[in-house]
């Protein structure tokens, strides 16, 4: 049986989970290597029984890992500032790439990755917009586009609200992520483009506030923000991002059309359990996007693997991320300047 | 304008609420008198500013109250053991009666009230099955019988589960109520007859347990019980009654038919508020049937008032309660004996 | 017993409902008169059996009605363009006023009503922000301010989304209501000021679209709009208003604080009924704000009545409406111009 | 890496799914063979591209498959009437067995399988009560036993209600499954024993009805049934099984304790999507137990695999199924005779 030999770059929280997904959910892929530049993570991986059992080589250097014999593909799960360079290094070596979103917080750099990837049609290069692989979001898409369940969609509301992180982990990495609208709302922006049929932005505005992480001030960021995008053609999207939710990872989307509305995860729940006691009736909420999107990551990894093995197009064109990033940056700029950001009818900022 | 002069017998929790309903929700009725045999309640009523404002006379004796000048009707809201005698006393004086369910825990006595009432077609005598006046239960009925929403209904599950009462109030009055299936399940039995089209019972069984009120043992009662009724013709109802819920008054009903199911209040909520915090997402639950059925009592009182003023049939025939009671007693007997109780095709116990 | 003699001005949908509320839910008030300038409505009222039964005089002229003997108070439920003049006419005659929101779509006119009312401390003049009297919104307030359930509130999301009206009724009256943010979002703005502790606006922006009522274009209005308000001090509110919902009247509010979130009516339901059938599990949604807020109107009317009879302050100061209107007008201006609207630290537009 | 070589017996709906689970979710197992006695299924499997890709041998005979070289384990997923004989045949050959529930519809036969398995402690033999591996049921267990979330549990309500099958598939196999309480309620009975701490049955009764599959009459079965079990020590369980639900696979469980209630899947939903349109707000319901329990099957298969590879006890003792079956048979007998079935304090029928 043909299997894809894949490596995972980065052994942070998500890197470890991607290794897990590949082992447990992607029978046509084999994780042959991992790497990290963090000594503790390398040490941890070298002592990991499961990694030994499944024969996973551990590297402390990305380029060394790329040279691993027989390597076909790499899942880039490092911090955003090296996504572009690592993706390009892999392309150069003829290695397929599944790169965590976003390709870069810098639009030009992101565009250059897209351009170079397009020069290598023999390689599969994809950015991981995991929600595109989620069963509920896909069901919403089917209902909207095949089922015409809501008539013509014209408005999207979408939230990405994280559980408050009191460990300091989030703040430690916040400087590299490009700001709340680039790091957090990027999925929501992507969903709005999906469900509204790739509309062109006309203007956007945003406002934010610091409620729990005053350190973000020095990074020109906030921990709660609301942003609105008006598109040409009478479509609208608006977003709420938060780093400070008490109840869990609350990520919901509503798509309103001329004849109805589709709601995805408006009342989040960890599982099927409800407790009734002195406090009333309650359910728990997933603590992280991992619990919400674990299945989506498995679908994504399987579809990417299939695209490589069967030489099919990747399920999500790499170009997609450019407009998402453009809007994310515009919202972040609006947030910081307090000004409206306007676009022309081609979606270029004016 | 013609108004109904009505009195309320009993100033326990429900009696006071009925006075409130009559004042605030029934413009065609005027509460002219109340009575209680409990000195504290009489005292309380005499000092009540609202009662003074609305000109409500306070009696310490039911018969004296019946003699109140101009009295047209009485709402009997005393303990179950005097329902029958007070209803009969009113009938004798030519006074219309709205009597709390059940007419009596003794079937013969209940039947005799029905018989005597039937001899007085000029008087409106009605037993208060309040759920019959609830908007949700009526909507369920409309959907089932007019809308054919679930095809042919063949099964009812219905619960009456009370918040645990740690004040001792419940246990104090438990001796007079006829047992858990007579006091508590009587509404559920009534609903099952309603939605199943007045089927005839064939057999029933029940089991119970004492979880919180061991004193009930001496009263031959339990604080949690499940009962099942098989009807002739392939219909089934089953009930759960409880006195010990931690989360509130949980009263739900499911009606299953050949083409669907209707659920009433399966996830109870106090109001439209949900709190999301460290414990997850939660809503409160009404503490008592009053909060759940306050509107139903207002509808009931208005419809009874209208029946009297306009000489229309009462919305719920008095006879209705007899079969309900028959089944309630059978379930209570099954609970106490551990035996099946069987009925013939006429619904007579065998 | 002392009763308030009250009249209702306007016999449109809401006027009729207010008469109903007064008759059925406000025992200390007596509706003595109604008026309308619409001949059909006057005719309808004159022939109405219930109005006859309760002795309600019918006028075709507001000023004539104000001269009704013994009249104490008036509930102004006419179209917005005459709210101010009718309120002032009543004040001039020494009659208490409960006026539907808003006092005027013109800020100066609204302010002048407030000023004149303040010169008549002997009169109770109140604007009807009915949601302030809703049990769920009050519970949210109690949980937030007494219960500290969500820490410090800093963000409000609030929607007022109406069922699509295909009768033409809505469009016919749209010209008089001041625009979607003045007519529709005004309650949401009021709620945001309530829950955020009367913050001062800093900037706002809005975008809208025409989906179903192209006629609104000529009225400089839209049928769906999103607006955001940034307040001084790091607080934010955002609103979605719609005239075109397929599923019913969907009016929800979320208040986010440092330690939690309170959601009001995020999943609207008509009653306690859920239908399970081939389509899945579903509940209906109230068609209009009347079904959602009927109880709130009764509370409002009772509290206003009590304020008059007992000479207590009205539950909601008349001044409140001014800032609400200021923000509503600013959002409407932002919507029409596409520009940001800014305020100084005193809440004056710059 | 050590892998378990496993075969799947039976290629009906569930057999195919088990192959899928093993391929996609169990990295430490390798499906080496499948078998079926149904020629069409054998043909289908031989032509299946995925089976070829993963090197799965296809047999038309169970014994031949058992002789497959290097085979370590078998997942018995055939019809209930051959569960016992196939399990014993595997044991005889020294092959580990994961057998679908129940081991047999005949209690003696089931007991003999248990006895023989106990004579082979070197072999792992487990019956597949898949709900024991479901995240929500496990969370309920943790909350009850570790978290003491509901005090002392004393009552279980549990439903297994299948979507109506109009293809004839269900009725075709109904004759082999032992009746509705043995086939359908067996999981619910198992859950009640789990959550109530393995109580001993005292008495049970059941009633059923034929609503959609009159052919079941000849098989002495019904398509809807309710059953109650009273346990020694004041505990109670009751069950509703159905073959005729219009809305989907509706499988819920409520566990009531002295201080609270835990509800599992009381409002079933296919995914996170809610549609709001003219019909109100609705979600879909999973059509089959597969969609509800797909993850549980993966957990089960992984835990069984780990038990074999690491020689650990199977997660669920084989004996467990005997009492479950005893109660299932008693309920089925009660259903057919209309009589109470009683047990002594050792759980032996009297």
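To keep things simple, chains are lettered A, B, C and D as they appear, and every chain counts its residues starting from 1.
Keep in mind that, in the parts below, a contact is a pair of C-beta atoms (placed from the backbone, for glycine too) under 8 Å apart; a residue touches a chain by one contact, two chains touch by 3 or more.
Fair warning: this is a prediction, and the values are worked out from it, not measured in the lab.
Peer 1: If you apply the touch rule, which chains end up adjacent to both subunit B and subunit D?
Peer 2: The shared contacts of subunit B and subunit D, listed by label, come to A, C.
Peer 1: Return the chain whose centre of C-alpha atoms lies at maximal distance from the corresponding centre of subunit C.
Peer 2: Between subunit C and every other chain, the largest centroid distance is to D.
Peer 1: So, what's the distance in Å between the C-alpha centres of subunit B and subunit A?
Peer 2: Those two chain centres are 56 Å apart.
Peer 1: How many angstrom lie between the centres of subunit A and subunit D, each centre taken as the mean Cα position?
Peer 2: Those two chain centres are 38 Å apart.
Peer 1: I'd like the Å distance between the centres of subunit A and subunit C, where a centre is the mean of that chain's Cα atoms.
Peer 2: For subunit A versus subunit C, the centre distance works out to 42 Å.
Peer 1: Specify, in ascending order, the residues of subunit B that touch 2 or more different other chains.
Peer 2: Subunit B, residues with two or more chain partners: 150, 245-247, 259-261, 266-268, 270, 274, 276-278, 281.
Peer 1: Line, ring, star, complete or other: which describes how these chains touch one another?
Peer 2: Graph shape here is complete: every pair of chains touches.
Peer 1: Contact residues on subunit C for subunit A in the complex?
Peer 2: Per the touch definition, subunit C meets subunit A at residues 150, 152, 154-155, 157, 203, 205, 207-212, 224, 226, 228, 230, 234-236, 238, 240, 242, 244-247, 256, 258-261, 266-267, 338-340.
Peer 1: Applying the document's contact rule, which stretches of subunit C touch subunit D when the two form their complex?
Peer 2: 245-248, 250, 267-270, 274, 276-285
Peer 1: Okay, in this complex, where on subunit C does subunit B touch?
Peer 2: Result: residues 1, 23-25, 27, 53-55, 135-136, 139-140, 143, 149-150, 259-266, 268, 270-278, 281 of subunit C touch subunit B.
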